[in-house]
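The structures considered in this document are given below.
What follows is subunit A paired twice: with subunit B in the first complex and subunit C in the second.
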Partner chain A sequence: MTTYIVKRLGQSALVILLTISTVFVLIRMAPGDPATAFAAPNATTEDLAQIRTQLGLDGSILSQYVTFLGQLFTGDLGTSYSFRAPAFEVVLDRVPYTITLALAAVMLTAVIALPLGIWMARRADTGRETGANIVTIAAQSMPEFWSGIMLLTVFSVLLPVLPSSGFTTWSGLVLPAITVALLQVALISRLVRREMVSNLTSPYLTVARAHGIGERRLVWGYALSNSAIPVLTALGTRFAAMLNGVVVVEVVFNWPGVGSLVVRALETRDYPLIQATVLVTAALAILVQLLIDLLYPLLDPRVRLGKATAR
Partner chain B sequence: MRTVMSQTAQISRRTLLKALGVAGGAAAVSGLAGCAGPTGGPPPGSVTLGLNRSLVSLDNKLNQFDAAVTVQRAVRQGLTRIGPDLTPVPVLADRFELTSPTQWTVRLRDDIHYSDGSPVRIEDVSTALEMYAQVNGSYLAAFFPEWPTVVPVDDRTFTLETERPLPVLDYLMANILVTPAAANIPEELQSGLGTGPYVVTASNRGTGEYTLRRNDRYWAGAPHVKQVQVRFVPEEANRVVGLRSGELDLIDTITPDSAEQLQGLPEVRIERVRGTRINQLFYNFRKPKDHPLAKASVRQALSLAVDGRRLADEILAGSAQSAVGPVAQTLNGSVKCGAYHYDPRRAKQMLEAEGINDGDLRLTLIWESGEFAGDTSVMEAVVQMLGDIGVGVTLRQFEAGGNISEWRQGRAGDWDILGNGYASPVGAALPILQGMYGGTPERERTRDTYQGYVNPDVLRLLDEAYAEVDPARRQEITARVQQVVWDSWPSMWAFVPNSVLAYRNRVTDVALEATNSYELANVGLEA
Partner chain C sequence: MSRLVEVEDLQIELITARGVVRAVDGISLHVDPGETVTLIGESGSGKSTTAMGLLRLLPPDLAVLSGKAVLAGHDVIADPAAITGLRGRVAGLIPQDPMTALSPVHTVGSRLSELVRLRHKGTSRRQARLAAKELLEQVRVPDPERVLTRYPHQLSGGLQQRVLIACALAGEPELLVADEPTSALDVTVQAGVLDLLMELQERTGVAILMITHDLGVARLVSDRVHVMREGRFVESGDVEQVVDAPTHPYPKQLLAAVPRLAPKEVPA
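Here is the complex of A and B:
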């Protein structure tokens, strides 16, 4: 297990280095000059040249990259141009908000999608399931900005019972979490339904049924356990994606997460902030994937980490 | 390696599934609990401001944004401030007088101190000036033809000395915020020690949220409101919804469309004043001599094709006025120089007189998104209007963070008209004229003039105006500068937008000023 974790962490470090190096080069090749975003609109050419020197942007991309790597290995991700503060700290200020929203959305998704998926599987190919399918497909088809605005209009403007923006109280989490979860519920419930139908019609369940095991135990104890790995993988992947920022939802609800931060950083060509955001979110996403992999043996004893699965 | 089974034996699959179920249930319950909680409205005795830009510092050394000025001035103050009538009003100084052409005499008030009780000293002023001067690319530095030197006279009195006369120094010093010398650095300051009516008690740069507490020892008397929450709400729609739902008390920098939405709501008040910013469709003055735009008559003809009144009334919903001079009419020293007339027939005749027929002239109009409210609609209407006189226009819109600066300097591509706004934080016409139209051939070599505008007559008059210490005579010259600029047709059309502020009825005594700012110390709450 330890060897597996160490190996995975080593691979992850390489992935992060590759990702951040690609981002480093690409953002410098894009049009726009951080010096002009940093300086006042009336700054002179001389001012801009001085600012470029001050920001360490006057050398070649290669020399900037070497400097960046040197700083990276000492834990220095540079100073954000727009926040005039260490980029890492600025990102860390935002990360808790992103994690909170992602956790709430994933949990809400699990709480709704699992029973819904099971319910649909047990009523497969019936009129009720078709009705539920229509609802989930409709939820899946709704763009987040639209569902967010609708929720906001109803619960913040017409019935002002929930905050429209920011995270000043816990109630501020409700609408963004529902908006993010709507799409996920549709996706995950359909996945649960597919996996459950496959398990409910499998021979081992027929045998178990013949042994007189109750229907509730068959569904919740046997079929759901065997459907858990793909569902957990999907939930984990969605969670990891949310850690990179749910940009649209963050904008609609003025949620102070990393998604809106990176948009702002891109607009101002804030290189250190872009790099720090990519580094932190990539690390978080990889960590989440690793944790999910570590959960697999708990869900299915046949899984051996670091070895071919004896399935 | 130990086997996986032995490591995980204590946690069964059933236990894990149960744990996940409990966690999911807890999330749902916390959501429901959230529903029952407060809706994020301001706590009692508190006012919440929604700013459109993040207040990344409480300083203005590098940049000065309208939205930030109100909050910055609530914490730090200058020797003077630009008052409601756009003239300098003493703040930390009780005397600010021009005592000779190159010397101003200033006396600090005897009752001023910082929020920690320490006194304001002359050294703090001299250090502040040094720090502002050392910042590269400072917006405010461009308004100072030279930095004055502080010469102490006694404990409270000092002189500000310049090499050449600087008759608008009392205006310019309104933007120099004073901080204890030992804490001042040539960067934007993040901490909040100042002389203002509020002190910062909490801040989060990442989210742009600040909490200000009333400075009970404020030298001019403690403000009415105990606490001010500053929130960064970049999207205008969020600010409008936040105001409607009562989460925000006060929002600024709103477009005519949003103002219209809020108009008539019983719980919201809207305040509009004529602003100091001028937005222009400015010509490119770097065109070769044989280019049609190098001729003032062609520039004037194109202006005649633009129906400024319709743009202001219909597209900008009456929230702007066509300019009548090269700077906003609200600025001290501005004069009316003329007007933009709409006469497409005459425009066509003038173009034909210059040998330009239908389809001969194709122009490129560039601008950055969000340069002013309704920018895209204005540009599209202008394309239609110029099309009516046979002039084709290609629009090129740059997103924020793009390379419009390189385009403006002509380094990335050619263009003909630029949609641009010019803020006027100093309240007087002369420094703005200097900033926009005071380009010299030397500065043009590095493309550092305002879109290539270099006019020897304007330069000479500006020099005369700056050297003139008699206010009446200086105003006469300033008026001539404006007329010379106006007659050179630098803009196809220009307009002055209103400053607009919306606030909930519970907030009182909000007096919006032309600079798009207000005195936070005067704001109160309904009993």
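Here is the complex of A and C:
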């Protein structure tokens, strides 16, 4: 178990290092110059060169990279150009908002998709199930900026009941969370449906029925607890993915999470901030995924970490 | 004494991808308390369909039943809802493949306790646990305390089948429907499971509707046998008469094709 965790953490560190190195090189090769974003509109070439030296951007990419790595291992991610504050702290300030949005979206997804999937399983292959499928797939296929703007129009402009942007009260969470959840419901509800149908028609369920177990318990106690494993895993994986920032939705709703931060950092060519965002979100997503994998054996007795399934 | 099972002109049509199949085509049989009646026939002859139909376990939208099937006085074809009170309590099922017959995420103990509490409402958890352990002892499971905490995948096929027999016994039924209870097991543990069924019958007087394709098994356990082929009974009668002096060529073929029951072994 400990060996497994150590191994996984080592792998994760490697993945994060590779990711951050790739990003480091790519942003410096992409067109655009942080110095122009920084300088006054009428700055001269000399001014720009001076700013570049100040920002440590005058050397080759390789020498910049070596400096960066050196700082990284002392825990220093540099100073954000635009916030003029340690990049790491700027990112950390935004993380709770992204976690809040992701958590709300995942819970909302579960609350909608679980009953819906069970309902679809019990009406498998009927017209009503097809109807539910079409609606959820339509919701999934809507671009999120579009569904987000639609929700905004309806609930904060036409019937102004919810705030349109930012996070001042908890009600500001409602619209962005719905927008993110809309994308997930189709996927998760169909997973629930598929798992439930296969469990409801499985031999063990027929045998339990033959033993006199009631229908309600067969659905909620047997089929559901056997479906829970893949469904919870999928929800956890969606959650981990959302920690990278739900970029479009955060921008549409002006949500102060890492997603909108990364857009701003890219616009201003704020290299340290981009790097810090990538590092923090990648580490977070990987940690959450590790946590899910560690919890998995608790859910599924057939799985033992680092070992083949016992027979 | 009244009949436990009375089947008259039972027909079962299955709606399959290849059209409607008449899997059971007008069979009649009866089982009296304490008796063992065997259905024997080759694969696909309709044995499982008969058993599942009797317990109304076939998917209602894919199986059409007609005729009469009376279980402890209730015709489950005329009144399908009646079966809910009969499953487990009047008739218990021992399935064909134990490997897939137990919920993977439930321990043996939780399954058995649940069935005990279903049979005797108001039993406390502790009492149910004790009863579960006793059930495992009844089916000769070694180290029942340990097995109660196990998940199905941690048990051998033979042990799983014993657990399933315990599950069926938890409802204290008058009839066990055993659908090829040994055919998915290793030859070495088959005899042990059959012995156990015979012993349980002797002790509790439970009737058995045995399903098999093995004449050796039929000869060992049956009071009466029905030889089934393509959904019909081609021969019925006392076990000696059908097995030892078959008048129909089909039982003779079965007899010639099937190896003898394996020698007795220690239970699995």
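As a convention for this text, the second predicted complex is superposed on the first by the 309 of 311 C-alpha atoms of A that agree within 3 Å, B and C clash if a C-alpha of one lies under 4 Å from a C-alpha of the other, contacts with A are read in each partner's own complex, and residues count from 1 in each chain.
Simple rule for what comes next: a residue touches a chain if its C-beta (ideal position, glycine included) is under 8 Å from a C-beta of that chain, and two chains touch if they have at least 3 such contacts.
Everything numeric here is computed off the predicted structure, so don't read it as measured data.
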| item | value |
| --- | --- |
| Clash-or-fit label for the pair subunit B, subunit C on subunit A | fit |
| Subunit B versus subunit C as contact partner of A:59, first or second or both or neither | neither |
| Which superposed partner A:131 touches (first subunit B, second subunit C, both, neither) | neither |
| Which superposed partner A:10 touches (first subunit B, second subunit C, both, neither) | neither |
| Partner chain in contact with A:143 - subunit B first, subunit C second, else both or neither | neither |
| Included angle at subunit A between vectors to subunit C and subunit B, based on C-alpha centres and rounded to the nearest 10 degrees | 160 |
| Which superposed partner A:70 touches (first subunit B, second subunit C, both, neither) | neither |
| Partner chain(s) touched by A:204 [first = subunit B, second = subunit C, both, neither] | second |
| Of subunit C and subunit B, partner touching more subunit A residues | B |
| Which of subunit B and subunit C A:212 touches, first, second, both or neither | second |
| Partner chain in contact with A:37 - subunit B first, subunit C second, else both or neither | first |
| After fitting on chain A: smallest Cα gap, subunit B-subunit C, Å | 8 |
| Where subunit A meets both subunit C and subunit B, residue numbers | 225, 228, 299, 301 |
| In the complex with subunit C, residue positions of subunit A that touch it | 201-214, 222, 225-226, 228-229, 299-302, 309-311 |
| Sites on subunit A touched by subunit B in the complex | 1-4, 31-33, 35-48, 50-51, 54, 82-85, 89-94, 97, 103-104, 107-108, 110-111, 114, 152, 156-157, 160-166, 168-174, 177-178, 221, 224-225, 228, 251-254, 256, 260-261, 264, 266-269, 295, 297-299, 301, 303-306 |
| Residue ranges of subunit C in contact with subunit A within the complex | 52, 55, 57, 59, 84, 87-89, 92-93, 95, 97, 100-107, 114-115, 118-119, 151, 153-154, 164, 167-168, 170-171 |
| Subunit A-touching residues of subunit B, taken from the complex the two chains share | 1-2, 4-5, 7-8, 11, 13-14, 16-17, 20, 23-28, 30-31, 33-40, 54, 56-57, 62-63, 136-140, 142, 187-188, 190, 204-209, 231-235, 238, 241-242, 244-247, 399-403, 405-406, 409, 412, 435, 443, 446-448 |
